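Below are two complexes that have chain A in common, paired first with chain B and then with chain C.
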Partner chain A sequence: MYDLILFLVLLLLGYVFGQRAEKRHFKSIIEREQTLRDILVFSERRIPDEDQLEGILVSGNVVISVDFFKRFVASLRNLVGGRVSSYESLLERARREAILRMKDAARRKGATAVWNLRLETASIYKGAQNAVGAVEVVAYGTAVRQRR
Partner chain B sequence: MAEYENPQIPEGINVSPTHPLKDFALLVGGISALILVAVLALSLLAGQLARHVPFEQERALAGSLSRWLPETPAQPAHRERQQYLQQLADRLATAMDLPPEMTLTVHYSASNTVNALATLGGHIVVFQGLIDTLPSENALAMVMAHEIAHIRHRHPIVAMGRGFAVMFALSSLAGIGDGAMQQWLTGVGMLPILSFSRSQEEQADADALQAMLRTYSHVGDAAAFFEHIARQQTTGEPLAIFSTHPGHEERIERIRQFAQSQATQAAPTSVPLPDFMKSE
Partner chain C sequence: MIVTNIETVPGKQIVKHLGLVSGNTVRSKHAGRDIMAGLKNIFGGELKGYTELLTESREEATERMIEQARAIGANAVVNVRFSTSSVAAGAAELFAYGTAVVVE
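Right after this comes the complex of A and B.
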């Protein structure tokens, strides 16, 4: 019985704090995306007019933890299949945050655009039982600025 | 660089538009229902199969349990009590038309636990603690007839069959998912077993009342044990669905109704318990 109560408390905590953190994070992401809109990002590998530009490697990474609620819903979803919507929002947050951090790094280098954008994800605690997992997203690319 | 641009991406295109709680409720509800139905079907099936195990086999199986049952008492006073209980059980068995191959073995325990139980192979254990709370032989006969009814209906072996089937099913399910989910799966899976033994208890009560009527021609004092328990347990009775036995109030009420429907005598007289049955 106590196990059940503890479990429900954990679920409630996970839901309340997880949802609050997610809402705040999305708000901050949308704001910062507006301020960094002038840094353009492309996945194109060939940089146009590259002889007049100089390239610098920039990267940004983020690690976001899964909350207890999301994890439980996802483990149920594992049984029946379908879209794991609780992880979809988690990964979107992580991707956008990583790109923002990369853009921020590019701005500090005085660049105006980032080419050849690459994204990589990794799951931390992969395979570890009973541990709340976390996801890492790394964004990296070639920032370019006018050759001095 | 005019041909390259970063358009504004609309919000929410990468996330399924479902509320997390709705998702949660659908998943928990759906999967719980599925597991309940599967476990229910499995335990019913196992119970049906277990019923067909010959009583001989059941007794042989119970042989391995014998070290767990109380031993034959050494004290002559205790032995006298056991003999009395065995005679009472045999009398009740005749009244209940127990099939000849079903033999009852009554064990007496001097422990002050307020309980009596029936288990595999026709073994019945009666504790001194129970005898001390009862006002008459009729009250004791009611409890014993209840246990005999369990054996007559093969409840111990059915319960064991169900228990094993459900345990195997749940432990094979437990390989899926993490700790929290396993706990939840097991909890959901145990619910039908509990409520099934409840219907068995009701069946045993009904049979015991018939046996009382045949042996003593009235059902006076039949509710004595439950009334005693109800007095002891004024607070903290568990929710009816979670407990194996029907609620005491419910049982007393049912016995009272039966007594009224069978009322032939104005004041039924109870047979007193022999003096040697009460603990010193």
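Right after this comes the complex of A and C.
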């Protein structure tokens, strides 16, 4: 009985705080994407007109955890199969955040563009029954700036 | 030392290839961070401790790769790739590798 109450309390806490945190995070991602729009990102490897440029490796990473409620919803989804939208939004947040941090690092180095963007995702924390606890996304690329 | 993840160094010519260089580090999280992570698993959100830990580890792996490149007389590393794998419960390996070259 107490277990059930604890479970419901955790579910409620996860729902309330998780939704709030996600909303806030998406808002801040959209704001920062606006301010970093002038840094262009390409997944292309060949840089045109590279004679006057110099390149530096930049990267950004983030570890984000999913909340209790979403993990429970995902485990229900596991029974019937199909889209697990609660993990989709987690990965989207992580990717956009990692790219933003990489762009920020590029700006601090005075670069105007990032070439050969690579994204890598790793699940680094396994909870009970091997459920996804947290994911890490790292974004890296070659930032270019005018040679001084 | 110039490090890039494309095949060339912008604005410079590669005159000599020196082969593959790599650097790795295995890190595990400490108990305090694990407790915080356990809480965050209920509420959701960024695990700042882990983000920092992995950033530091990746920097160290890159640093080791650069040292190795320097030891064989390179002045740049091109085509750098990162890879992460969890080798045991609670420990992760960060690995960086690339091609050491001489540019001018």
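Basically, the second predicted complex is superposed on the first by the 141 of 148 C-alpha atoms of A that agree within 3 Å, B and C clash if a C-alpha of one lies under 4 Å from a C-alpha of the other, contacts with A are read in each partner's own complex, and residues count from 1 in each chain.
Simple rule for what comes next: a contact is a pair of C-beta atoms (placed from the backbone, for glycine too) under 8 Å apart; a residue touches a chain by one contact, two chains touch by 3 or more.
Keep in mind that what you see is a predicted model, and the values were worked out from it rather than measured.
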Fit or clash - chain C, chain B, common chain A: fit
Chain B versus chain C as contact partner of A:116, first or second or both or neither: second
First (chain B), second (chain C), both or neither touched by A:141: second
Contacts of A:92 with chain B and chain C, given as first, second, both or neither: first
Per-residue touch tally on chain A - higher for chain B or for chain C: C
Which of chain B and chain C A:53 touches, first, second, both or neither: second
Touching partner for A:41 - first (chain B), second (chain C), both, neither: first
Shortest span in Å between Cα atoms of chain B and of chain C, once chain A is used as the common reference: 12
Contact residues of chain A, present in both the chain B and the chain C interface: 10, 68, 70-71
Contacting residues of chain A [partner chain C, same complex]: 10, 13-14, 17-18, 21-22, 25, 45-47, 50-57, 59, 61-68, 70-71, 97, 115-116, 118, 120, 122, 124-127, 133-134, 136, 138, 140-142, 144, 147
Residues of chain A touching chain B in the complex: 3-4, 7, 10, 15, 19, 30, 37, 40-42, 44, 48-49, 68-73, 75-80, 83, 85-86, 88-89, 92, 113, 129-130
Chain C - residues contacting chain A, complex: 2-11, 37, 40-47, 50-51, 54-55, 58, 62, 80-86, 89, 92
Residues of chain B that touch chain A when the two form their complex: 1, 4-6, 11, 14-16, 18, 20-21, 23-24, 27-28, 30-31, 176-181, 183-184, 187
